[in-house]
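Following this line, the structures themselves.
Presented sequentially are two complexes of subunit A, the first with subunit B as partner and the second with subunit C.
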Partner chain A sequence: MSTLIIVDQPPYGTWAGREALDMVFSLAAFDQPAALLFTGAGVNWLRKQQAPDAIGQKSVEKNLSAAPMFGVEEILADTASCERFGLGPEQLVSGVTLAENLQDVMNAHSNVAFAG
Partner chain B sequence: MTPLSYTLVITGAPWSSQAPQSALAFARELLVAGHRIDRVFLYGEGVLLASALATPPSDEVNWPKQWAGFLADNAIPATVCIASALRRGIIDDTEQARYELPGNNLLEPFGIAGLGEWVEGNVKSDRVIYFHGSN
Partner chain C sequence: MTSTQPANPTLHILNKPPGHPRFETCLQAIQDCDQLVLTENAVLALADRSVTLPAACKAMKADVDARALNEQTRTGTIDYAELVRLTAKHSRIISW
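On to the complex of A and B.
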């Protein structure tokens, strides 16, 4: 049984994405297979060199880079959303797999959830 | 019909979303239909449903009270995610003491715990249903 957590909220301006990340980390901590899919404005989580100091927030890049260490199996990004937000492969943080067909991605998991 | 077990996750706050109301209607119908609710889990903005201090005008429904009554009447466990709750000022007496806060406001029978209880629901319940706000 594996769970796919979908993040479709931008990294700043709402806490929903961070809380989605906590969900996926918790699954992994309890040895439950879990993966993350970023789509819509959520792909901005995967942008390199984020600098949110000016708005008094921590960079989500660091949280995200801990995902493999916590045992999160896969970090996926919706290709079409990346194109829409001008994110080429060279602008993406490492360890991200691009996904063309989101239906296939969702079908590959027994549970699919959004954080909010 | 085979009875199923459910975990309900509410992430939308009362009065800024309809999530708690929709979830309550769904929960009531589940029991009528003979299903079981393993747990209700409040996450993100949904934790505001567990405030004992919410005081809407008297001609409006008090969603925290409605939910608390439903949970108590049916002996359904309900958990508020601790990280979400602390951020948003939903505090029980333990956390009040830990952080030396001036008060607490967690509505009974809600309890504060970690995401582990959501993970457990994810593993054990036949269905996990989410009620989101509109962000």
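On to the complex of A and C.
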């Protein structure tokens, strides 16, 4: 019984993506197996060196790199979306696994939920 | 009714991400004499290979830096003071 949270909303514009991160960390904190899949404009959360202080926000880079310690099983990113937004291995934060087929990823989890 | 007077240059301010329905509607509404400013999530268009941007296009620096898109600016970046100047310069403004 594991949960996949899918983030397809871009960072910062709305709270949806951030709420998904909180959801995943809460699940992991209660020892519920959970994973994160970023797709569409959501892959932009995974770009390194974000500096959102000028728009009054905090970067999630540290949270994402700490995710395994909090028990989040996997952080996945959809390959096609990464290509669309020019996210190569050098731009991606560490600890992200690329996923080719979203259907397979979704089928591997009993619960799937979207952010926002 | 063909309008003979020169087209009224319009400032388009867009904050929707590529893929949002209003993003496409905005791009289609832009005439040659208009100016587009990308703010908030719209700056993701700078990294989106599937998007072609009009020539007269600027992006808000704070939003570009927030999303670490500073190297791939296909357009110039402006700050808020510059945006205010643009709003003063254009008689017609559409906030999408």
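Observations
Criterion: the second predicted complex is superposed on the first by the 116 of 116 C-alpha atoms of A that agree within 3 Å, B and C clash if a C-alpha of one lies under 4 Å from a C-alpha of the other, contacts with A are read in each partner's own complex, and residues count from 1 in each chain.
What we mean here is this: contacts are C-beta pairs under 8 Å (C-beta built on N, C-alpha and C of every residue); 3 or more make two chains touch, one makes a residue touch a chain.
Just so it is clear, the model here is predicted, and its values are computed rather than measured.
Once the two complexes are overlaid through subunit A, subunit B and subunit C fit side by side, free of any clash as defined at the top of the document. Applying the stated contact rule after C-alpha superposition, one finds that A:N111 touches subunit B and leaves subunit C untouched. Contacts of A:M23 after superposition: subunit B is touched, whereas subunit C is not reached. Applying the stated contact rule after C-alpha superposition, one finds that A:A54 touches subunit C and leaves subunit B untouched.
Touching more residues of subunit A than its counterpart among subunit B and subunit C is C. Look at A:M1: by the touch rule set out above, it reaches subunit B but stays clear of subunit C. Once the two complexes are laid on top of each other via chain A, the angle at subunit A between subunit B and subunit C, using C-alpha centres, comes to 90°, given in steps of 10.
Superposition on the common chain A brings subunit B within a closest Cα-Cα distance of 9 Å of subunit C.
Once the two complexes are overlaid on chain A, the subunit A residues touched by subunit B in the first and by subunit C in the second are 14.
By the touch criterion given at the top, residues 15, 17-19, 40-41, 44, 47-50, 61-63, 65-69, 72 of subunit C touch subunit A in their complex. Those residues of subunit A whose C-beta lies close enough to touch subunit B in the complex are 1, 3, 9, 14-16, 19, 22-23, 26-27, 30, 32, 111, 113-116.
On the subunit B side of its complex with subunit A, the touching residues are 9, 11-12, 43-46, 83-84, 87, 114-116, 118-119, 122-123, 128, 130, 132-133, 135.
Subunit A meets subunit C in the complex at residues 10-14, 40-41, 44, 47-52, 54-55, 57, 83-87, 91.
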